[in-house]
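I'd like to ask you about the structure that follows.
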Amino acid sequence: MTDFTEDDIRAQVRAWLTDNWDPERGLVEWRNMLIESGWGVPHWPEEWHGRGLPVGMAPVVEEEFDKGGAVGVAKMGIRTLAAATILEHGTDLHKQRFLRGILTGEETWCQLFSEPGSGSDLAGAVTRADFQGGKWVINGQKVWNTSAHHADFGLLLARTDWDAVKHQGLSYFLLDMRQPGVEVHQLRQMNGHASFNQVFFTDAVVEPEYQIGGLGEGWKVATTTLMHERRGADGVRRYATGSDRPGRIYEEERAEVATVMAPYVWYPQRTGRADLLIERAKAAGRWDDPAVRQEVAKALTLARTAEWTARRAREAQQLGLPQGPEGSIGKLAASIVARACARAHTMIAGPDAMLTGEDDGTGGVVAEILVSTPAISIAGGTDEIQRNIISERILSMPKEARHDTDRPFRDVPRNQVG
Amino acid sequence: MKFSFSEEQTEFRNMLRRFLNDRSPTTEVRRVMETESGYDAEVWRMMAEELGVAAIHIPEAYGGAGFGVSELAIAAEEAGRALLPSPFFGSTVMAATAIAEAGTDAQKQALLPGIASGGTIAALAAAEPGTGWNADAFTATARPDNGSWRLAGRKSYVLDGMAASLVVAAARLPDGGLGLFSLPADSAGLARRPLQSMDPTRRLAQMDFDGAPADLLGGPEAGAPAWARTLDVAAVCLAGEMVGGAERLREDALEYVSMRMQFGRSIASFQVTKHKAADMLLEVELAKAAAYYAAAAADDDDEVDQPLPALASLAKATASDTYMQTAIHAVQMHGGIGFTHDNDTQLWFKRAKASEAFLGTAADHRERMLQHWNA
Amino acid sequence: MKFSFSEEQTEFRNMLRRFLNDRSPTTEVRRVMETESGYDAEVWRMMAEELGVAAIHIPEAYGGAGFGVSELAIAAEEAGRALLPSPFFGSTVMAATAIAEAGTDAQKQALLPGIASGGTIAALAAAEPGTGWNADAFTATARPDNGSWRLAGRKSYVLDGMAASLVVAAARLPDGGLGLFSLPADSAGLARRPLQSMDPTRRLAQMDFDGAPADLLGGPEAGAPAWARTLDVAAVCLAGEMVGGAERLREDALEYVSMRMQFGRSIASFQVTKHKAADMLLEVELAKAAAYYAAAAADDDDEVDQPLPALASLAKATASDTYMQTAIHAVQMHGGIGFTHDNDTQLWFKRAKASEAFLGTAADHRERMLQHWNA
Amino acid sequence: MTDFTEDDIRAQVRAWLTDNWDPERGLVEWRNMLIESGWGVPHWPEEWHGRGLPVGMAPVVEEEFDKGGAVGVAKMGIRTLAAATILEHGTDLHKQRFLRGILTGEETWCQLFSEPGSGSDLAGAVTRADFQGGKWVINGQKVWNTSAHHADFGLLLARTDWDAVKHQGLSYFLLDMRQPGVEVHQLRQMNGHASFNQVFFTDAVVEPEYQIGGLGEGWKVATTTLMHERRGADGVRRYATGSDRPGRIYEEERAEVATVMAPYVWYPQRTGRADLLIERAKAAGRWDDPAVRQEVAKALTLARTAEWTARRAREAQQLGLPQGPEGSIGKLAASIVARACARAHTMIAGPDAMLTGEDDGTGGVVAEILVSTPAISIAGGTDEIQRNIISERILSMPKEARHDTDRPFRDVPRNQVG
């Protein structure tokens, strides 16, 4: 199949779409057709719903879909991490059982890695999986699990060996969320949204065949998931809205988008919204205040320089040039941008910074900025973790001495969690 | 000039702290902030009747305790530390000061004892939408009407405005001067509504005056200096409240990182955490020094080399910068959990955020500080 | 809009860096900065004749190489990295740009080839004492005299003013407009003296004009836009120079802490040092992005969403803040030794300090940025 | 002697001064009289030039001296550290040989602790003292030695045992600086002043009787010196000028002051000079610039709050109240004040910030501020060391894990110094 040129592929997609695309089909019906044809995930193997095309062809196919407004397979949310992990490490049973439901969107997923006792230290998980009566019995607690409250399945990292050292005592499971031993609580944030959940396991069960990767190889499998998570971090925002065209399939897709995107609706605000500063300053009558102008200029400067830095990194990547440090500082820069914007917005708002909702003069947007920016320096790796990474990986400075990888995990000092 | 607290002041602080630990722990703050009034009337009654908190700086002649701004600021600091939702700041600190500074003896006799007892809750309606506490920009007007006055205009950010039964309002006199007026909150021609406050532990209201009848406090010359002194006293007490809150945040964050392990070691053992904690201590101590110095200056400016407005604004500016910075650090030290609704850090974070703007931003106050600075 | 350098640009940069490593190491900088002229004439001759550095952006029609501001800024960046003492900035970046922007064809034919060859050193006398580069505040005047002009007034902070044989001066025309003039440095009525510069690697002069005869470059309308463009190009190149210096400081400080042990471990292993190094990297990368973007915009503003003055001022402001902050961190990372005269850090520290003020402070440029910003 | 009341003491001092004080005496002659009478150091033991009075009486005596303008014993510079160390740890020989010369001012001292290879880590000294032919033979290098270029004697910390752990292999010596094996180079700073020296030892010699404290007890003795250094850090500035009265003794004292204070002439500048900001802003025509005013207000605020914090600490100490954290943050606060002032001065100076000497419009004062402030966050303990101390001692946070105290010093990784 790899002998086709890009033009051949485009022609084939167009032909197939001409024959098959119909916006009045049901979403699941259509996606099953995509799966049968292989056009939904053309870079996946032929035996698993794809066409075995090179990865570089997938955007080409997507472009042709976009041109005609054709809907693709379900791509948003944690399901992409599940698919990547299962494709790389799963058994045939896993692939058979899960891939189709992921692509049709009928089954949703969540990630069950972080724990209240660990946080930045994912490998410090203490949720336990004990093999009892021929099954894995899960007890413990996870946290920061986006979409867990409607997920059908979870990607679970749990400790199976307490005598092994930290990273070697973990195993990885595909867990059925719809069972009595699993309890999900939505976790409300200080900005009022609830993007995350806590998940409690009380003798929850995983059949042995739904362990993925070998016993004690959980961390290795998890790095696949995490690598895809990092790569996809930008993707979330790109798929932020469904098409507004008429048609049954679009309606169904919009409903899906609304569900998946719900946790992210405040993400624009947590960036600090540099884009609003000047218009807000003018509206508030503070655009002539030199002290305000200095703060606005500082915030705009940070926002723009961060953007240009990211574009430098992207262009270098596209040109195949060696990746410079500019590619690794975006996350940390985003924190600084957000804080500078929050400062400027506070100064601009003046007394209105005390208000929220309909009363803050912006329909609550500025108030939401002010209580959302603290998240950007924590979520997805704190500023401190970013600085560790930059100094160790980019600047080759010595790693922090470890006190938790040189002994059986049961002897590692750790938090007591209730 | 004193740079330490007397034994009596320390005892007063300790008593308040014990009371608030006992009667207004964070669980209570969370309960009360969801109620309509936004404060616990019984706690307020006890604070007023048993601890005398509503009466601290009101002269004894008018039913008060006759203490100074230093004692008032100590109460504010402890209230800020506990994040106490109560009419203390709106009624005692702001409205009572305005009345005490502007009113005639008869007016003070009529109005202050009720506030001092805690039975009357008063609110000071001065700030206006967008322009805030800058008196030069006040546009609400007062016109004489048969030996009394009638007020017109909109006031906003009125602290404890919904809880108040007595309102003190600032309005422009026909000659452009500033008058302070008193009127019952249920007067005809006065409409009020609660504002949606970012900080649910401190309630604000908007007040619309449309010919509401009011008494001029003192004479037409009394308003401007009374307002200036009231703003100074309020800024000093707000600085106290903010350093109290900042110190609490600092202590709680330190306790949290000391308890938590990550990568097999205490989070408090990471050098970056240690240095952040040291910086937080430094900043809070500097802000405290300013708040205490300004409070002492408000009581006795003889030995002070700067006028009160300069010191009050200095204290407000540095305390609000410090409070916000401490809150940002405190959330960060808690990690993800610090961003949740259930973690208490967010309560103080929102108070810090709202306090940045209350009575004017740090930049406003730095400018005001220099305008009054003796160089 | 390009966000990367071409192979040719990278090769040009590498060639310059090799040359400067070889011919202008810090030992040479230290030697040269103690001499009267403040630069090494032989090094400058080689840079001009062999590397074409004096001619980079001068049009080929006038003896130049016809490259753009991007290439000019690359040279500035490498010069800043090496802390090269030379007339490059004063003569090629500033004076040649002013002539190229304002002059008639004949004037450009007469003046630019000499600068491009490196044989003529020119200086731009525009800034005035106290008010600096703000053209609205220029008070030096030009009066017509028999078909020519005579200049009067004081100019200061003239970069390479003592080394120059050719002076370009900005002065106010009788109608209040701005004129740019050229005159030989040894003209009657022009007195100059060296200023004591904090940064001994970059020499400044004061020039007093007292009826000195001068040629008006272009017509009376040419001066204002030419000055504006010159200031933009100079700001862009200064931003380049500053990020070059900041990156060098950052790299040297990192190398120092990586080599040094304290308490039995590498200083680079302390978390606080690591995080400071990460922040320094971040800041320098952001400043570089601004400097590169502004340089690209100076060559081709078609795909840019902001006008050049906004971007040039943004780049100058952020680069000078970053350079100073990096210098402060670099001294600190060296500890006591970083404060000594013999340690090279101080040389860049002084350049950073002087560059904060050169062409206007960061605050001035932030204000200018917003005045030109497309919102 | 301790039964006298303060008033008795005052009367005694006054009487003695009435009988003896004469500004036309020579400085050394007078100080020898002070030594004989015990009034020069009344709190020192009677057998060592004092009167055995309580320490609290020393300021009382000093006050009486000040009232009459009477000159005291030599008190400035490193000699006070030498005296304190010798009084506490010295033998009778040490006291006999050195104390009088310290008090008369005829012999000056320097401290020889810091080394190029250690810096903040004083106990990491590698200057060696080897016992050879009945003498201690010193080889190595010291740095940051104030006044070493005119000192007669040095307080030397050197390593005598390389197999002991770090702090236990050091010994302490009273070294004669006037010998061939000692070479002193003045060290020029970036601000042009030369406050410090480097001292090189090549087979320099100390007779065994001039070791102070036992073998391997050098660190213990050094902590006495360091404690007095910390206490006296403020003292330097108090004695910054001699009296301008006429009289031979004042002339001689002024010459002494000029020599001792020479290293400190730029110290006011390194504090950032908040006191000059407003007058400078007015003089430069920038007092109406709102952005400048914000920076000036920030710098003034920091300077004043640091001052008030120090006064809180002093008053608490005077009242015998428990020392709060306000007593430990002054050094770190001074750094922040100085940096804020440097920022404001730069903004105020505008283009003149590029100039120095006669050309900067302030006779070089502002230029000197700008190139001196970096010292304040380094000298006397870097900001980083201050933050370590605050977090560990005040906030009781865990100490940094040590890698240099658990093995023979010869095995501790350290810098190679040429």
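Observations
The letters A, B, C and D name the chains in turn, as written, and every chain counts its residues from 1.
Quick note on the criterion: contacts are C-beta pairs under 8 Å (C-beta built on N, C-alpha and C of every residue); 3 or more make two chains touch, one makes a residue touch a chain.
Only a predicted model underlies this, so the values are computations on that prediction, with no experimental measurement involved.
Between B-D and C-D, more contacting C-beta pairs join the chains of C-D.
Chain centres computed from CA atoms place C at the largest separation from chain B. Spacing of chain C relative to chain D, judged by their CA centroids, is 43 angstrom. Separating the CA-averaged centres of chain B and chain C is a span of 51 Å.
Per-chain Cα centroids separate chain A from chain D by 57 Å. Among all residues of chain A, those that touch two or more other chains are 290-291, 294, 384, 387, 400-401.
Counting partner chains per residue, chain B shows two or more touched chains at residues 265-266, 270-272, 275, 363, 367. Those residues of chain C that touch chain A in the complex are listed here as 2-4, 254, 258, 266, 268-269, 271, 273-275, 277-279, 281-282, 285-290, 292-293, 314, 317-318, 363, 366-367, 369-370, 373, 375. Only residues 270-272, 275 of chain C touch chain B when the two sit together in their complex.
The part of chain B that touches chain A in the complex is made up of residues 127, 129-133, 156-157, 195-199, 204, 206, 259-266, 270, 272, 328, 331-332, 335-343, 346, 349-350, 353-354, 356-358, 360-361, 363-364, 367. Interface residues of chain A, counted against chain B in their complex, comprise 114, 116-121, 124, 143-144, 166, 187-190, 192, 284-285, 291-292, 339, 346-347, 349-360, 367, 370-371, 374-375, 377-379, 382-384, 387, 400, 402-405, 412-415. Every residue of chain D that touches chain B in the complex is listed here, in rising order: 278-279, 282, 290, 293-294, 296-298, 300-302, 304-306, 308-309, 311-312, 314-316, 319, 321, 325-326, 329, 332-333, 336, 384, 386-388, 390-392, 394-395, 397-398, 400-401.
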